[in-house]
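Two complexes come next, and they have one chain in common, chain A, joined by chain B in the first and chain C in the second.
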Partner chain A sequence: MHTVWVRLNAVVFFGLTVLLCLSILAALSKFNHTAHYQPIIKKLALNNMKSLKNHGGVDRALLSFDLQADMTPAFHWNIKQLFVYVIATYKTDTNPKNQIVLWDRIIENTDPPEKKQLNEKNVFVKYGLVDQGAELRGKEVELSLHWDHMPLTGTLFVGKQKEGTESAFVLPAEYL
Partner chain B sequence: MIKDMIDKQILELKKLWANKRQLTFQLLNLAMIVFSALMIWKGLMFMTKSESPVVVVLSGSMEPAFQRGDILFLNNSVEKVFVGDVVVFKIKDRDIPIVHRILKVHEKEDGRVELLTKGDNNRVDDRGLYAPGQLWLEREDILGKAVGTLRYVGMVTIALNDYPVLKYVLVGMMGLFVLTSKEG
Partner chain C sequence: MDYEGQKLSEILFYYIIILFGVIGWIYGYFLQDFTYVFYSWGVGVGISILLCVPDWPIYNKHPVKWLESIPDRSQEEPKKSK
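And then the complex of A and B:
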């Protein structure tokens, strides 16, 4: 029996199925994008060491850095935004590996092209380089750029600077 | 017209009640739908090792990436989580899990990690959201890493939670259709 309800149900269900299929196709359409298009990172390096102090038992370093990168290649029609962030990686005696985000920025796909070029000179960190203890003095810190692809629909994945191209610096041996 | 349709449905139900064989068939049909859904959910739980493989975003703390009503697919079978990953975590004595991004990872010698998170759209990190006195999250607190997203689908869930009556109406209607439809 073909009542209105049965028909309505069929139409809604079919509509939702089509939408789901289109979403999956949209996600699949840019499946191999990163293999061919990678952001160009020209520079990411320490510019100025502002301070290294002990606050209530934990060490905190404040610094500024230079960042030049062209993020345009990472964008395509299924990318809503990139979440770009700078990570500091270092070792201490208690923790074999520490990773801290120092700076981040959201670049939306709708932003004008010049915003997709990062051209930061002597930019101050957004989050201080804070250790869990008081072990920052004299440690080697590596800076690297990462970016999270956030799609309109589909998979989330992180891209990062090619290994071996990161820059490193050594924190001062005494508080300053 | 609505009354007409209701009458028709009632008539169908009465007919169904008289025909026990048909009634059994339709009930089994309904049970199959319910159990298939349950199986898919449990299967996902098994594959992702997560107690809730699909979550609905409820707050705007990750905007503009995730809005209220988006759904996220989680994977908890990854052994390690990294800084920058979007994760869903649970705080002791709180029902609602939170979707935020990892800001800091401190890895201990025995492989344990201590994590700090922050919402992209929030100005400060999540220490204020954690349990009183809690400074760090651990791997066990994390329900899963967000690996995929689908927009708007969660709106249904939000509507059902905001208006509980809707839940019964919808489930009741679906059950009725399955019982009275002759095509199945």
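And then the complex of A and C:
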């Protein structure tokens, strides 16, 4: 503490230590948030089946869906953004569990409130429903909403639509 | 900066940074916005740098009292040559 540089070093690094403690406290203050506040998913369902084709031995389905959800409850002061995505889950003879991301969106905490309300009508998938093989025909597909919480401090963790509230549909039995 | 001054400066920046940080945290918690914590903390660090880093006169009120200097040996009786 006897020279300017030693004092500057002491002040800056003590300051950073305090900031770290404040960040950890902020993370702890919202430790149990998801137990009480869950996004409200009003609707996530298939709207229109556009096509189901075979491309080089691999099945690909293209579709559009409706999504209505209020993501506001997931936000608090330690959340930087949410990565919201729609997953299609289905079973084939080869793979007992397939999960394909069809659509995603980033919602930031600084976004206006209306952006935290997902209100998508007949929105086309961003990524096709592509199977590992050619086993999509006639399969039952379940659509569910998932979201990654990206906090300011702390670990990333996933939230998902309540089990049993997902909507399902059956893919056409023939290519179209 | 003398020893008492160093002690004072260290205590000052401890309390200033913690005080601003805690006030900002509480304010930010009620408004649910962490940027308030960051700004308040930044103000605290800024004030600390201005107040505790330069060698202000307040930190030099207790100068170290050194012993009287011992007279220079060369001015004592000349060395005996062998």
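Assume the second predicted complex is superposed on the first by the 163 of 176 C-alpha atoms of A that agree within 3 Å, B and C clash if a C-alpha of one lies under 4 Å from a C-alpha of the other, contacts with A are read in each partner's own complex, and residues count from 1 in each chain.
Here is the rule we go by: a residue touches a chain if its C-beta (ideal position, glycine included) is under 8 Å from a C-beta of that chain, and two chains touch if they have at least 3 such contacts.
Just so it is clear, the model here is predicted, and its values are computed rather than measured.
Chemist: Quick check for you: in the superposed arrangement, does A:V4 touch first (chain B), second (chain C), both or neither?
Modeler: Both chain B and chain C are touched by A:V4.
Chemist: Should A:W103 be classified as contacting the first partner (chain B), the second (chain C), both, or neither?
Modeler: Neither chain B nor chain C is touched by A:W103.
Chemist: With both complexes superposed on chain A, which partner does A:A26 reach: first (chain B), second (chain C), both or neither?
Modeler: In the superposition, A:A26 touches chain C alone.
Chemist: A:Y90 contacts which: chain B (first), chain C (second), both, neither?
Modeler: neither
Chemist: Can A:F65 be said to touch chain B (first), chain C (second), both, or neither?
Modeler: Once the two structures are laid over each other on A, A:F65 reaches no partner at all.
Chemist: With both complexes overlaid on chain A, does A:L152 touch chain B (first), chain C (second), both or neither?
Modeler: Both chain B and chain C are touched by A:L152.
Chemist: What is the contact status of A:G15 with respect to chain B (first) and chain C (second): first, second, both, or neither?
Modeler: second
Chemist: Between chain B and chain C, which one contacts more residues of chain A in the superposed model?
Modeler: B
Chemist: For chain A, which residues lie in the overlap of the chain B contacts and the chain C contacts?
Modeler: Correct list for chain A: 1, 4, 23, 152.
Chemist: Which of the residues in chain B come into contact with chain A in the complex?
Modeler: 5, 8, 64-65, 82-86, 101, 103-109, 114, 120, 125, 146-151, 177, 181-183
Chemist: Contact residues on chain A for chain C in the complex?
Modeler: Touching chain C from chain A are residues 1-2, 4, 7-8, 10-12, 14-15, 18-19, 21-23, 25-26, 29, 76-78, 152.
Chemist: Once bound in the complex, which stretches of chain A touch chain B?
Modeler: By the definition above, chain A touches chain B via 1, 3-6, 9, 23, 80-81, 83, 85, 87, 94-101, 104, 106, 108, 127, 132, 146, 148, 150-156, 158.
Chemist: Contact residues on chain C for chain A in the complex?
Modeler: Where chain C meets chain A, its residues are 1, 6, 9-10, 13-14, 17-18, 21-22, 24-25, 28-29, 31-34, 37-38, 41, 44-45, 48-49, 52-55.
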